[in-house]
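See structure below.
Chain IDs A, B, C, D, E and F follow the sequence of writing; residue 1 opens each chain.
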């Protein structure tokens, strides 16, 4: 099983979620993160001084999936989260040893 | 008239002016509470500018358009730019039969004027461009409001006809409401508010702020209605206080009961609007009603609110703060109520009231629609979709209302409220 | 009496009524600031409903129960439902010797009435069911408050006895406090407040809101105490202003010093409560004290507050906003102070004051206890444990006060504050 | 003078005192909104303490230092500790020619007094130690403010000279501003504000709170300026209302236009400061100006604000709330404007105004500098770097203003705002 | 060494933490996440319209543990976080290559 | 490729970020976490009662890096985030299977 971590733009989230739903993925966890990278935050003005935030707010989507499904999920994210501008984010895939569903203790693929 | 009575009378109208001033804070807080946090700086900025524009243009133009002091019964008049105190005692004790001075007259009326724009401000929140909105405000408050105001309060044709509007259910509130209606028709709804799946509520970001706003509006309304007696007359002003307070209380109760029946919910935003509905409703006849009649008017206003909110939603007219329900619909209701309840009730009066509402409504709506339409096809009145998503605080002000707190994803993603 | 003086007098009482109205906003803000964010909508909703209930029931019933106008010295009287302006000048200048009109009388008294429920509202916050609470309010404000109020202000038996309570340290504040005490005894503490490990503070979610509330309460208190002169008498009202302000200032100082000595901390919530303690303390004798005496009364009230807060915690009586300390304990203190300081000081007066507190306390506590008890065994007065965990905003209102901010885990997990 | 007029006059000054009281809430809200959330409890705590200290010390000492009532034209006088009502009618109608009572005089003046410390409080926010600050306040408000106040309002030498300062552009606002300037010079800037890379803005945490503060300050200003007429005189007070309101409106407009030209931005914090600048500017001559002159004064004040804010930043003087720009610079501007506009305009008057500003400024700055310097070398006036990082709420109060919300990283990391 | 990520209900957190403490685990990191899955958020009402949040607020507990201890920790979470209702959450186990204690640079099991 | 997760003190973040920039690492994601461990939160006082938070606010820095670079990054964090007091935090290293750059679909080391 794989854990897919995708870091995407806030404004792309809706599209990603809908695209995932289309391929049957309706289960995931969402985290708010601050992204440091090529793209910086908005320029702000306060009392005559300009300043910017180093970071930009982003969302991290964590999805657990079977090895087969993982590839399709990654592809779906790559398409639905792309604007083509610098700052679109990344997708990482990690290996997961075991998954448990707390409700009934099921493990492995059944637990997804 | 002796000097002491004059001093006391004038004192009351001055204090009433200060109370009406507080209503601008009330509106600012209410509207800020009812928008999303990403649009908070923008709405506050607009409300600060409106009070500035309102006072300055009323000084330059509005006061002398609204009270031109020509022959009674007219449609339009203008007494010249700026203010000038009448010579001698005419500016003081003799100016208004010992009710107040020339300066008091101006400041009390000027505080009223800006209100009509503040009402529009709430309805168009979260999507209008700042520049065109400010231009609209300048024109609306310096031309439209005083012209229709003159028809009644400036001794114009509606006054001669017999139309009655004590403190402005129509002249102030419905006028603001008609302006708001024209604006939201041309502007369209906020992204994500109406989808194929139905109506998608976009809850305000800070309900305590909204509640503070409503309490302050009520507070100021004692000056709005009480000051409209135009003297400190003990009997008249104190009756107005009683009818105003009881109508507001009944408005709360009416919307509490109705929302519970309709939606099985105890919706704070509804009882807050119900309270304001009761206040707007009593405004046209606050000096004519018995306490029991005031309660009836307020209670009915409170019942109207939830229905009206749902109606505007069904019509796909998006009004984030409920300004059209509170000020337009309850303003009309309150004006009609003068023909149904109280000292003037009667068929003929109902007729006068309808003529008043219709003529003022037609003028105001047309004026606002034309101005907004011209702005729309020239400068554009709506921010870009991307800016709406980001929020007007960043897009128009490069600021954030709460810069050191985390921003919830709700602020960005359209479909998750 | 001439018309000018009458106008000025009446003007002051009307303005005082408006200031007392603002106290409802003060209470709403204070209580909202002192609860957790998950219960904010609920407390605001309750406070909006209370002012509505207070005004309406006082109109229907309360005013004529409190001021029945029968023979002096009684225990109970009722002058009929609703309001009706006395005929002729009796309703105006002659109604109260030129102090104010009939309508002014009603509106000023009505603004006081709802206060007693607002006090209870804070103490029972974060765990009481909305429905039963509103029923309690209706009964408390329309029956209990006016009946004991009549004993003194309606020229009843306590008035005849010599009991003195200028603006209501007992009649308003301790009455609210006794109601709150009965309610929190029956209701029990919030989950997690008292554990085997000890007292677990549950800090309020928004201290700026609480501070705004206290400033607004102080602001309104100038009307609460100053208006209780029942005329615009220059000497009397201005003395009351001085004693009220100095006592509040001394209350802040007293609680500042005491909290620092007791807890080595500069606790904002304590100095805010100290300020209110000073205000409640001076209320019974605001017209009788010299500035120095006012400072003494306020300073002692400020000292009492931290001790009282700790005492109620030790007694495992949970009061999220400190209403019992501020209104009950300092209300009793202020009423006693009339026997210790100022123009009436003396052994006999101390006796009258004790009789007054004891009789009103006994009646009010019993009334509130019985009503709450009946509600408890019939409808139940407490929300379920799950709803308490979720917060009353979601559970009772399906709303959130700040819907687009992230919700901290603190809101859900019991043991992490 | 008849009793009715006396009652009406006195009523106005009392109400004005209540309005000035509200300004303390206005300052508290404004300053709380303009600091970071980690310092919110601290600023509120300071503002609550200041009003307590202000009232108590003014009672003990200040009032009789400021109005010693000796021979006119002096530099210093003292009429004894505490307050005592003059015997007989002298304390009432004859005390001030029927304008107000002795008690009213005290309470109105006392409400002014604390203002000067509140101004300092904002400028030194986010880094000063609580203890030394409170000691500074005690000395500043009980000695420095009344001594310079006496020079003009206590019929001292500046009054005899011809210096004019109607309601305190210099006597109150610039005095507070000079105190603030001395303090921030000795205190240094907040960590991270000025770095090698340049000026690093540290935005306030809650702009709605700041906006509420400004509206409430304006509200209170009607009492601050209007009450300074020292009677309810209808013509004079109503003119002051008009000039005050128009100047504030023009201040908003001036800073709106100027910030847009300078920074291409619509900065809410600037228009809020511009509004206050207009209010401070008109304060010295509110009774002398025509409406048009009031607009000019306010508009220029509004233009000054953005330049002044940038200037202080360039001078590396760190003032989180803009108190020096608003109160010091616009206070000086308003005082000078009395020599340039209105009834007194003239070369000689400009001279008197300059002498007044210079002498009061020199005394106040020196006083504040010495006191702060002594505190600095004895107790230390600045919190440790670690405490500044943590925030004063935790470090000095062990509290948090919003305990159950998540704390953004912005609160801790220096370089990410 | 293993990294255990458990996504649990907010209201179960106290119990989980106490259960973990009982087996000697007092070190972990906590994140607030938004969970998308079978269980949706509360139904809300605003101005007469009903709406619901797609997601539900959840806590993610991250625990680093030795291979032996990991099993016990998972079991403890499975029991203490269970209500039996839909939405109880998941536990994932990932393999960790190395752990460092910043304070003194210790690595491996000593760093836990 | 490796994923480095570092849990550090809030007040050390600036230093860590600058140290990372010095070795050329300007890309990472930041999360706010609540840390449970030896060090507890500040002691607070409210209305006369003392209480403390069990946890302490911390930052988690997630960095994806090539195997070679990972070591240097870990060392840099260990030095720059160290105060020597209890509570300095941990660094974990996990193995990552694949990385994608959403903008252009690049994978592997190119995507970092």
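One rule holds in what follows: a contact is a pair of C-beta atoms (placed from the backbone, for glycine too) under 8 Å apart; a residue touches a chain by one contact, two chains touch by 3 or more.
In this text, all values refer to a predicted model and were calculated from it rather than measured experimentally.
Chemist: Touching both chain D and chain F, which chains are there?
Modeler: Joint contacts, listed by label: A, C.
Chemist: Can you spot which option in C-F, C-E or B-E is basically D-F again, with over half of the contact pairs the same by residue number?
Modeler: That would be C-E, since it shares over half of the contact pairs of D-F.
Chemist: Centroid of chain C to centroid of chain D, CA atoms only: how many Å?
Modeler: So the centroids are 33 Å from each other.
Chemist: Would you mind pulling out the distance in Å between where the CA atoms of chain A average out and where those of chain F do?
Modeler: 19
Chemist: Express in whole angstrom the distance between the two chain centres, defined as the mean CA positions of chain D and chain E.
Modeler: Inter-chain centre distance comes to 52 Å.
Chemist: For chain B, jot down the residues that touch at least 2 other chains.
Modeler: Chain B, residues with two or more chain partners: 2, 4-5, 7-8, 11, 15, 203, 206, 212, 265, 267, 269, 397-400, 403, 405-406, 408-409, 411, 415-417.
Chemist: Going through chain E residue by residue, note those that touch at least 2 other chains and give them in order.
Modeler: Answer for chain E, listing residues that touch two or more other chains: 17, 30-32, 34, 44-46, 54-55, 94-95.
Chemist: So which chains end up touching which?
Modeler: Pairs of chains that touch one another: A-B, A-D, A-E, A-F, B-C, B-D, B-E, C-D, C-E, C-F, D-F, E-F.
Chemist: In the complex of these two chains, what residues of chain F are touching chain D?
Modeler: Spelled out, the residues of chain F in touch with chain D are 10-11, 13-14, 17, 30, 32, 42-46, 57, 59.
Chemist: Using the touch definition up top, name the residues of chain A that touch chain F in the complex.
Modeler: Listed in rising order, the residues are 2, 6-8, 31-38, 54-55, 58, 60, 74, 77-78, 81-95.
Chemist: Per the contact definition, I'd like the list of chain C residues that touch chain D in the complex.
Modeler: Result: residues 2, 4-5, 7-9, 11-12, 15, 19, 36-37, 203-208, 211-212, 214-216, 218-219, 222, 226, 232-235, 237-239, 241-242, 245-246, 248-250, 252-253, 256, 265-269, 271-272, 275, 291-292, 295, 405-406, 408, 410-411, 417 of chain C touch chain D.
Chemist: Touching chain A in the complex: which residues of chain D?
Modeler: 198-203, 259, 262-263, 265, 267, 269-270, 306, 309-310, 313, 322, 409, 415-417
Chemist: Where on chain B is chain D touching in the complex?
Modeler: 2-8, 10-11, 14-15, 17-18, 21-22, 24-25, 28-29, 32, 40-41, 44-45, 47-49, 51-56, 59, 82-83, 91-93, 100-104, 106-107, 110-111, 130, 206, 209, 212, 396-406
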